[in-house]
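Input: a single structure, listed below in structure tokens.
As written, the chains take the letters A, B, C and D, and residue 1 is the first residue of each chain.
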Amino acid sequence: MKFGVIGYGYWGPNIVRNLMNMEGVEMLAIADTNAAARKRAHKAYPSVTTTSNASDLINSTEIDAVAVVTPVWTHYDLTKQALEQGKHVFVEKPFTSNSAQGEELIELAERKNLTIMVDHTFLFTPSVVKISELIKEGTLGKLYYYDSTRVNLGLFQHDINVLWDLAPHDLSIMNHLIEATPEAIVATGQGHLNGHEDIAFMTIYFSDKVIAHINVNWLSPVKIRTTLISGEKRMLVWNDLEPDEKVRVYDKGVKITNREGVYDLLVNYRSGDMWAPHLDQAEALHQELSYFVDCLSSGRQPFNDGSSGLRVVKMLEAASESLSKRGSLVYL
Amino acid sequence: MKFGVIGYGYWGPNIVRNLMNMEGVEMLAIADTNAAARKRAHKAYPSVTTTSNASDLINSTEIDAVAVVTPVWTHYDLTKQALEQGKHVFVEKPFTSNSAQGEELIELAERKNLTIMVDHTFLFTPSVVKISELIKEGTLGKLYYYDSTRVNLGLFQHDINVLWDLAPHDLSIMNHLIEATPEAIVATGQGHLNGHEDIAFMTIYFSDKVIAHINVNWLSPVKIRTTLISGEKRMLVWNDLEPDEKVRVYDKGVKITNREGVYDLLVNYRSGDMWAPHLDQAEALHQELSYFVDCLSSGRQPFNDGSSGLRVVKMLEAASESLSKRGSLVYL
Amino acid sequence: MKFGVIGYGYWGPNIVRNLMNMEGVEMLAIADTNAAARKRAHKAYPSVTTTSNASDLINSTEIDAVAVVTPVWTHYDLTKQALEQGKHVFVEKPFTSNSAQGEELIELAERKNLTIMVDHTFLFTPSVVKISELIKEGTLGKLYYYDSTRVNLGLFQHDINVLWDLAPHDLSIMNHLIEATPEAIVATGQGHLNGHEDIAFMTIYFSDKVIAHINVNWLSPVKIRTTLISGEKRMLVWNDLEPDEKVRVYDKGVKITNREGVYDLLVNYRSGDMWAPHLDQAEALHQELSYFVDCLSSGRQPFNDGSSGLRVVKMLEAASESLSKRGSLVYL
Amino acid sequence: MKFGVIGYGYWGPNIVRNLMNMEGVEMLAIADTNAAARKRAHKAYPSVTTTSNASDLINSTEIDAVAVVTPVWTHYDLTKQALEQGKHVFVEKPFTSNSAQGEELIELAERKNLTIMVDHTFLFTPSVVKISELIKEGTLGKLYYYDSTRVNLGLFQHDINVLWDLAPHDLSIMNHLIEATPEAIVATGQGHLNGHEDIAFMTIYFSDKVIAHINVNWLSPVKIRTTLISGEKRMLVWNDLEPDEKVRVYDKGVKITNREGVYDLLVNYRSGDMWAPHLDQAEALHQELSYFVDCLSSGRQPFNDGSSGLRVVKMLEAASESLSKRGSLVYL
């Protein structure tokens, strides 16, 4: 499987490094419009061709698959060209700038029998893999909520607000973990510096009384990456900044009994052991790219395919609409 | 100054204990409809009269001031009776179940020349006192946001939802700290057990691009009491669960310069020292009750008076309206 | 069972409070040479007699048992008098100022058929109870070490050094948890202010390659109460300052295999789940005093009896000897 | 300046990476007896010669300086050969297996007018640089103690015990920070698995009542890297595992006044602000290697020279002697 990578800025080097060390993969070319980036790429991988022109990769008949690791507003064009040239595409999140673009690309890929994978790397972290297992096994019981805080100082993006920058992580994780159907979204937020919102909050109403909330912020003095997920049987805290024991499962719960009248209801709190399952040390991006190669070889459709990426874009669109009204309920 | 206390459940004993040890205060009577509560009160303070009937206190000609430490839905009636009998009133937060009640009580107190103080205890904690000083001195610069997370397991209230239970803390603190004017509120949330929302989120839009957010939750496996407050010059984290160094001030900031076009803007991040000011060890409730006694003696109007309590109730009403629509923008 | 308490300073009030609320116990009298202490005692418990003279309690024919909650150097005299007057004695740790005193008191108690309990409160904390269970059940496997850090700012004691002040906690816990025999002690330390050591370190060599270490310090800017206990099968961390999950058990270990030559040995690290058992919320001192009353009623010998207290004193003596030589090995 | 590096195992790659990117430095050759290591080196740096034979580097007339990044027991031979061939030497800590070797190498280097630098990397971390400044400026006042805990699970070394593996970090830092003279050492410890001590404790007595203590352990379930340093005026905690604010300075202290008799002494505790100075993000090894190159160019003697490395070895020897007697006082 022969690869080209478009974009060698912040994230591209990680993709190239993983592809370089992967069985059955050959890294042929790297494209970046920035000369300094090309120079860095060449120094690190003298054997790989570098070019300023993405079309060189896209049109190359040697290349089977292309990774698009560029700003969001370029995803649609580059992915479209690549698909048209018969390339499979691994594209950064968020998939596209709007859902119409996403739908068109999905349709094009289907027609050409090509695979799109959207890089929702977090789905391949040992933490999310473990949480997903716990939920599927029923360890948490019926889900109550997903509440994530993802804040730090910067990095301010120039073309998108903090919601489009940071919330895709949580939206993709949520969609992966929660079986209930997302129904409506409310988003609020404020920009203070460059016009784009730098702090934003998003509530997603699901069926079955499941609710999700996402707090994203580029203006926080401290970095926080904490997600609370509670269910009827157990509750968990995922603190991604913990060096070990990122996921802690609490055998805690609340039961309301003897509900004969609102003032007679008895609330029972259960508080048992806490348990932090051992997590593998695997690098998520390596797992994801291996899975991409596997899917291409086997013809299997990845679960983080274009449709999955599109769902996230639709949620971001709904959030943007709500945000523009300073917080109205927008149905999905 | 002679006091009676109505309600000796969870919080009442703290009020009684503080009044018992206060210079110039005499604790005369405790009322509680619950016999076990009265028994506990009598055992702890044999010299204080106990009664099942709040009217005994309210009508007593010996008593100057009454503390109303009962469920929210009883505040209006008890406060009204006490004011009518010429008593000053120290009443639990939230002040009343709705703003009409609050307005009526304020008007009544004014007419009778009596003082209402609403027990927003947090305003008297060393942390809030210090944060207030820092903001007033300009240490933080122009405020950007207030973002608070106040979650834990329980205690489920029977008569109110989690917003009415926990958000009054943040609403009163916010109103105390933020000079800008609150303009509109969006609230979302979900109930899972007894009909009332057990998890809720609230955004408050202020003038001058200040935004506040409150995350309250009775279904969290862990207790979190963390507030981020950022300004143009500095940012702070108030973690009320830290035994020491509850307030940490970060000399961090972001500056956008050279804004000639959206892609040329330069974002400068500043990251300097962190500093945790020493905080007094004073008990907030003691400070507050002393202040109440001072206000009564001097005839001064407390800053946490009825009007201050009413502002919080109006915000809760707006939040309830928003919540009932699953998150629409409600103007204040 | 009728009690008198001698000493109403820092710890005495906790003992009185617990005895006041205990079934089958009557608190008759409190002795303290300090008038302010007596005043506080009287205010809190008007029904209890207060006296400046410990002999009043000791000689009272009404009193069955005496709690000695005074500085270490007074323990011997007061306990001896009490035993001579036929009283059971609950005495603060450390038991006595030297082992000769302890031996005499034990012998006297035996002769008079009276019970001595030494107040090693930590043995009754839910944490130590749980750790003891885990070790007895074999969860940790063969023990490797016990390593405790117990540091904070102050409280400087006037009559004893930091080792006699803080190490008795760990020594009693260690003796309770470790089955192997303590064989020898090395202690080092330094005084900086009042002549007594304010920082000290103690190593205890046990049989079977078990080793214990205690780090105590009155000059630490932060409070630390962390104990590591490792065994062949599992390891645990007890952090007494954690509000929840004070005890965390790690399924971690090291195995050395294939030891054919020093450079060919293979070290295998095992790293599995972490688990924090739920702990009861019981107040340790209440549990201990109940147990004392039980022992008196049933004639059972408490496990934290005079002999147990004497073992701690002997270790402190050995440590003092080692410390005076700046760290020689002293056999027990 | 042309470099060769001997040893490309765990630490060698970091040295090579830094030298590759350093102005005025040319990396010519890497030696390692392990074929897999050589293969990795070649893959990462195809332009650098690799060899199985360290003598190839040492005898090369092109090479000016050699980095010896091999097990301790090989340091003496390799460094000696390199010095004899006129090479400057950058050698891993601990410098040598015993002090006689160290003395011989220092003498040889002096005779040949060559420079030895011992790789005590921690001295170049932003944390130690800052702490050193704080102490030199008098911020802490007269020093009281240095107390370090450096524990984790593994890595078991085959040729040395935990003291020789982990304590050199603290010994070099201590020697760098503390002006008083180290006078005597007491070490205790125990081995449980492969004969070498896997847990050990070391007290170092200095002049002027300064005391240091080092707790090292390969059998800890959790990683701890915490050092307390207290002085008369201020105290600090250095937690090397904190992502930010590694160094926290506490404006805390104790003063003993009015010392007319042991029971009348007054202990005053002062507790003021905490302050975490901003630290640079510089990579310590890069700083150290730049400094090495600077010293070679300028002919300046590095402060972490052979003599500095020898002081650490002498302390380790004294500790080993004490350890072999299970903890006697050994004078330096």
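Definition applied: a contact is a pair of C-beta atoms (placed from the backbone, for glycine too) under 8 Å apart; a residue touches a chain by one contact, two chains touch by 3 or more.
Everything numeric in this text was worked out from a predicted model, so none of it was measured.
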| item | value |
| --- | --- |
| Most widely separated chain from chain C, with each centre as the mean of CA atoms | A |
| Pair exhibiting more inter-chain C-beta contacts, B-C or A-C | A-C |
| Whole-Å gap between the CA centroids of chain A and chain C | 53 |
| Chain centre separation (chain B, chain C; CA means) in Å | 42 |
| Where chain C touches two or more other chains, by residue | 222, 244, 271 |
| For the chain B and chain A complex, residues of the former touching the latter | 144-145, 147, 149, 151, 153-156, 158-159, 184, 186, 188-195, 199, 201, 203, 205, 209-211, 213, 215, 217-222, 228, 230, 235-237, 248, 250, 252, 254, 256, 259, 262-263, 265, 267, 269, 271, 325-329 |
| Complex contacts: residues of chain A adjacent to chain D | 46, 222-223, 241, 243-244 |
| List of chain B residues in touch with chain D within their complex | 244-245, 251, 271-278 |
